[in-house]
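Each of the next two complexes has chain A plus one more chain, namely chain B in the first and chain C in the second.
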Partner chain A sequence: MAITSIKNLKEFSTNNERLEGAHLLCPGCAHSMIVRELLNCTDDNLVVATNTGCLEVSTAVYPYTSWDTSWIHIGFENAATAAAGAEAMYKARKRKGTLKDPDAPVKFVAFGGDGSTYDIGFQWLSGAVERGHDFTYICLDNENYANTGGQRSSATPTGAHTSTAQAGRVSYGKKQKKKDMVAIMAAHGAPYVAQLSPNKWKSMAKGFQKALETEGPCFINTVSACTTEWKFDPKDTIHVTDLATDSLMFPIYEIINGTELNILYRPKNIIPVEEYLAAQGRYRHLFKPENRHVIDMIQKEVNEKWEYLQRREEARV
Partner chain B sequence: MAEKMELNEIEVWDGNHAAAQALRQAQVDVVAAYPITPSTPIVEGYGAFMANGYIDGEFVMVESEHAAMSGCVGASAAGGRVATATSSQGFMLMIEVLYQASGMRLPIVLNVVNRAVASPLNVRGDHGDMYAGRDSGWIQLDAFNAQEVYDLNLCAFKIGEDINVRLPVMVHQDGFTTSHTAQNIRPLSDDEAYAFVGDFKPVDEMLDFSKAVTYGAQTEEDWHYEHKAKQHRALMDSYTVIDRVFEEFEKKTGREYKRLETYMMDDAEVAIVALGATVETCILAAKQLREEEGIKAGVVAPRCIRPFPFNEMRDVLANVKAVATLDHSAPMGAMGMLYNEVAGAMVSTQDRPLITNFIYGLGGRDFSINEAKRIFREQKGHADVGYITTEIQQFSGLRGPKLGFYEMKRS
Partner chain C sequence: MKGVLATDKRGVRELGAEEMVGWDEVTQGVVLPSFDQPIGNAALLRPEERAYSDFNSYTATVASWRVIKPVYNRDICIDCQNCWVWCPDTSIISRDKQMLGIDYDHCKGCGVCVEVCPTNPKSLLMFAEAEAPEDALAKWPEKKKKEKKD
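Then we have the complex of A and B:
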């Protein structure tokens, strides 16, 4: 496995240009930062499958493609299975000796938005992980169906406004909790599962490398701040992401073999979730007096989750 | 290396086993599949070959038929031979990916063991699933018995993978009637079969990293139309390769296949057009009528449903006076598919025949030789008086009051 040095961000960012800058993602979109980190953190050949969503529609519009690597998109739900199918073909051809370059190392990666990962493609991902294909699945979690204009997903957090879970006179936005996808994938017994964030680029790159090196199915949920639907200025993507990790709305941690939990980032100063919420238009309505209780509720849940993660880390179970 | 299997000159196989054996002999690289009655024994049979060292490829039992076809697409784009099997509800669940597979021009082979589509739930045979696939951009070949299932599977790989075709191919057989009925089969040896199919030749494969390939791009109104037109053209033009492969197959085995099969059509005055195992019922009926009643009956059966053999249909029915088209699928608000295609083929001819449409056997209801004879006789009646005396669309073998729709307009 050819691992790339990740000491210096400037160097790292120009390594292996496999996603051309010419794409149609919004300025400030975190999707491309995450994807580029993945592509840059290894020198191995990559077969990349992508679900329908912002990343896909913005990077492969005929007659152009931004992908300087093998890439496939089938539908909204089945990138995990596309990668699994390609991986199966790789094994078969390697055994039969029909590969052009049988010794070149190959990695299989699938990208999906939260809509395709938490909702419509849940079964395909679960099946591919259960079968143990050697691939890494990366969810670009922007907590909504961004490509279709910002509808709710089961990754949308409580209280956020989306076009199908709207804040209004009698509603504070989404009522339900966010699905705990990391726990679900760890419960599959996947050898490596993590939640990572592009503001903590070193831990993200290391996590990606670990996933790629680990044999078997790995799952990584990544925080992908969406300037358009979260409603913040495109220049503030990393700032908003900092608030996400420092308020512990998005704790950064890994789970190895379904049990060994390691917290990968401990904010020196934990900030109130209110600061994170206040930075985004999608939570604006929560600051009305009648909705203050929702902020309190969110804070309580964040505290409880952090407590839970720390205890699990300690307990090593 | 996978072990070879010693086969007898004559084996007793049903349609499902015949399909499984053909997949084994074609040395498929990846089978991604999900079980459903009545196609399950294909994947079970393949699984048994796998477990006993007869398969070198990968066998991926996925969690749904949608995933089965998705896995096939991923595998095929990675540059190898791919096949699977399904029926009915499984086929319906696959449909989204069927279009994606053909749109990406991936030569996957899908065995469809035809079965009715719910609701009501029914495991028996009709062509509801087959008909649902007819706009999906796949070549559709129809086997009328188990020997043909075996033969057409070997042909399917060779047709779909041809560089001038590069399209996925379905091989249809009738649930239970063909899939579960054992008959004498003459297989090729493993070596002969593989030599006929040939090595898979990868095209734009994802595992050749000397050049990047993008599969499944986005197109809007600027390019989508051209893509789809080109795909349609590839399908329409594929008949030359289909004919060539059938010829090669005949040379090797003596078994002749045509895109449009015809029986006793040289002097036929009346004809039935049908698909599937029913074709054999209709042939027997025609033979008996010729002997017993002197009715010049013939049978026409599309071996190739897509691309539809329009020219051949037009020519074979040119001198026929009355034709009954038999559709084994609920037409739901229109004439049956075969009626539409046959009428389409005949409408531009001078002396076009009188064409009727029979819906029959939905959900596995038996279709007898006697009923086929009755339909032939009815066509003979139309031929004699020169017009259609019944409703144009009728339901054959339906309990309760007669059901029929739409009448001929006589000047």
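Then we have the complex of A and C:
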């Protein structure tokens, strides 16, 4: 167990990086902020599985790798499967006494995008969690299939423009709701499930550490602001993420053993969702008068969700 | 599988004594190691203590992506490490709780570090790529009275 200190940022910064630069993610991409933080919050050996998506294609461009950990690339739907398989083999070899260094602490981590997590790898993730493998699954939720040009996924929120849910004369963008993946994973009875965000670095690092230390399958949805598809200036990644958490579009909370819900961040000043939407080009069309009702609908849903989370927290059920 | 040199023109390969095979010629089971010797757990070694292989993107550069670059002003910095935690490109060099500067081989010039720097004036500011660091430092703004929140 080699959890590193996250008492304050100065201590945290003494960790030795395990994701190298000169990967090819867009300037300002939040994916690598999140990955760096995961890799920096422990000194344990890591086996990392990453399926196809922006993170994978950008960190393993032949002949380069940006990973200083063991790293497996696998097909789009199988980040969870790869981590689960590696974990099962590790356990079996430990039992048989065929590991070179059986006492070295090892953690198994899978990174998937929302396209792979919410849609295409959904059943494989569900299977790995149900089987109870000891691994941590982190979804880099940028609310679209970014690597293939910004198609809608079931993580895309209502009203967002994507290349396959376009806003125009007859449509205001995606009409359906965002799937509640955190609730679905909690319903599996996973011991630790959370939604975390890189602007709140400390609660994110704490949550990552909890997940790594918890035996069994853990799931974390992370907010990954995508400068290219959300359409904002690369320098504003953290600013836009602040608007996401402070408007409660992305509430920060954890659910332990499927029931115990804890809110991890309560904004001092809750801002209207309008401010978050206005900061991104993908919502620009919502500010036309005929689309006002969509903003009102989004605000109503955010309010209801926040009310629900607070009641769940209170009720401890 | 040797002879690859760091280059910012990805896809263009520098040919050494032995030619590197193309991606479509790689056979099953080939390993591109991150390090020249097995180094164990990289978390226990500082970057300067690691034997990076030519396959590690650490040995490559994306400097040509930048049109603007962050310049660092040590005199104002309070070593809060905000820039370190949020840099997406592992380009803030911090050692022993101190910010030492920017890794210009890997910085893409996104400007996130400048936005999250809390000092007044900021200890990091964006300048044109061609600007000499001493000229940039000479132009550093004075302390602002009160920053208006937008």
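The criterion applied here is as follows: the second predicted complex is superposed on the first by the 312 of 317 C-alpha atoms of A that agree within 3 Å, B and C clash if a C-alpha of one lies under 4 Å from a C-alpha of the other, contacts with A are read in each partner's own complex, and residues count from 1 in each chain.
Assume a contact is a pair of C-beta atoms (placed from the backbone, for glycine too) under 8 Å apart; a residue touches a chain by one contact, two chains touch by 3 or more.
Keep in mind the model is a prediction, meaning the values are calculated, not measured.
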>> Using the superposition on chain A, tell me whether chain B and chain C clash or fit.
In response: clash
> After superposition on the shared chain, which partner residues are touched by A:Arg36: those of chain B (first), chain C (second), both, or neither?
Replying inline: second
>> Contact-wise, after the overlay, does A:Ala83 reach chain B, chain C, both or neither (first, second, both, neither)?
In response: first
> Should A:Pro289 be classified as contacting the first partner (chain B), the second (chain C), both, or neither?
Replying inline: neither
> Can A:Asn45 be said to touch chain B (first), chain C (second), both, or neither?
Replying inline: both
> Between chain B (first) and chain C (second), which, if any, makes contact with A:Ser126: first, second, both or neither?
Replying inline: first
>> Quick check on the superposed pair: does A:Asn15 touch chain B, chain C, both, or neither? Answer first, second, both or neither.
In response: second
> For A:Asp68, is the partner it touches chain B (first), chain C (second), both, or none of the two (neither)?
Replying inline: both
>> To test your reading of the overlay: chain B has the stretches 79-87, 169-177, 187-195 or 223-231, and exactly one clashes with chain C. Name it.
In response: 223-231
>> Identify the residues of chain A that lie in both the chain B contact region and the chain C contact region.
In response: 45, 61-63, 65, 67-69, 104
> Taking the complex as given, what residues does chain A use to touch chain B?
Replying inline: 45, 47, 49, 56-57, 60-63, 65, 67-75, 77-78, 81-86, 88-93, 95-96, 98-101, 104, 106, 123-124, 126-128, 130-131
>> Going by the contact rule set out above, which residues of chain B touch chain A in the complex?
In response: 29-30, 32, 56-58, 60-64, 66-67, 70-80, 82, 96-97, 100, 200, 205-210, 212-219, 223, 227
> Once bound in the complex, which stretches of chain C touch chain A?
Replying inline: 1, 4, 10, 13, 20, 23, 26, 32, 34-35, 41-47, 50, 54-58, 60-62, 65, 79-82, 84-91, 94-97, 103, 105-112, 114-116, 126
> For chain A, which residues count as touching chain C in their complex?
Replying inline: 2, 9-25, 27-33, 36-37, 39, 42-45, 59, 61-69, 104, 198, 201, 233-239
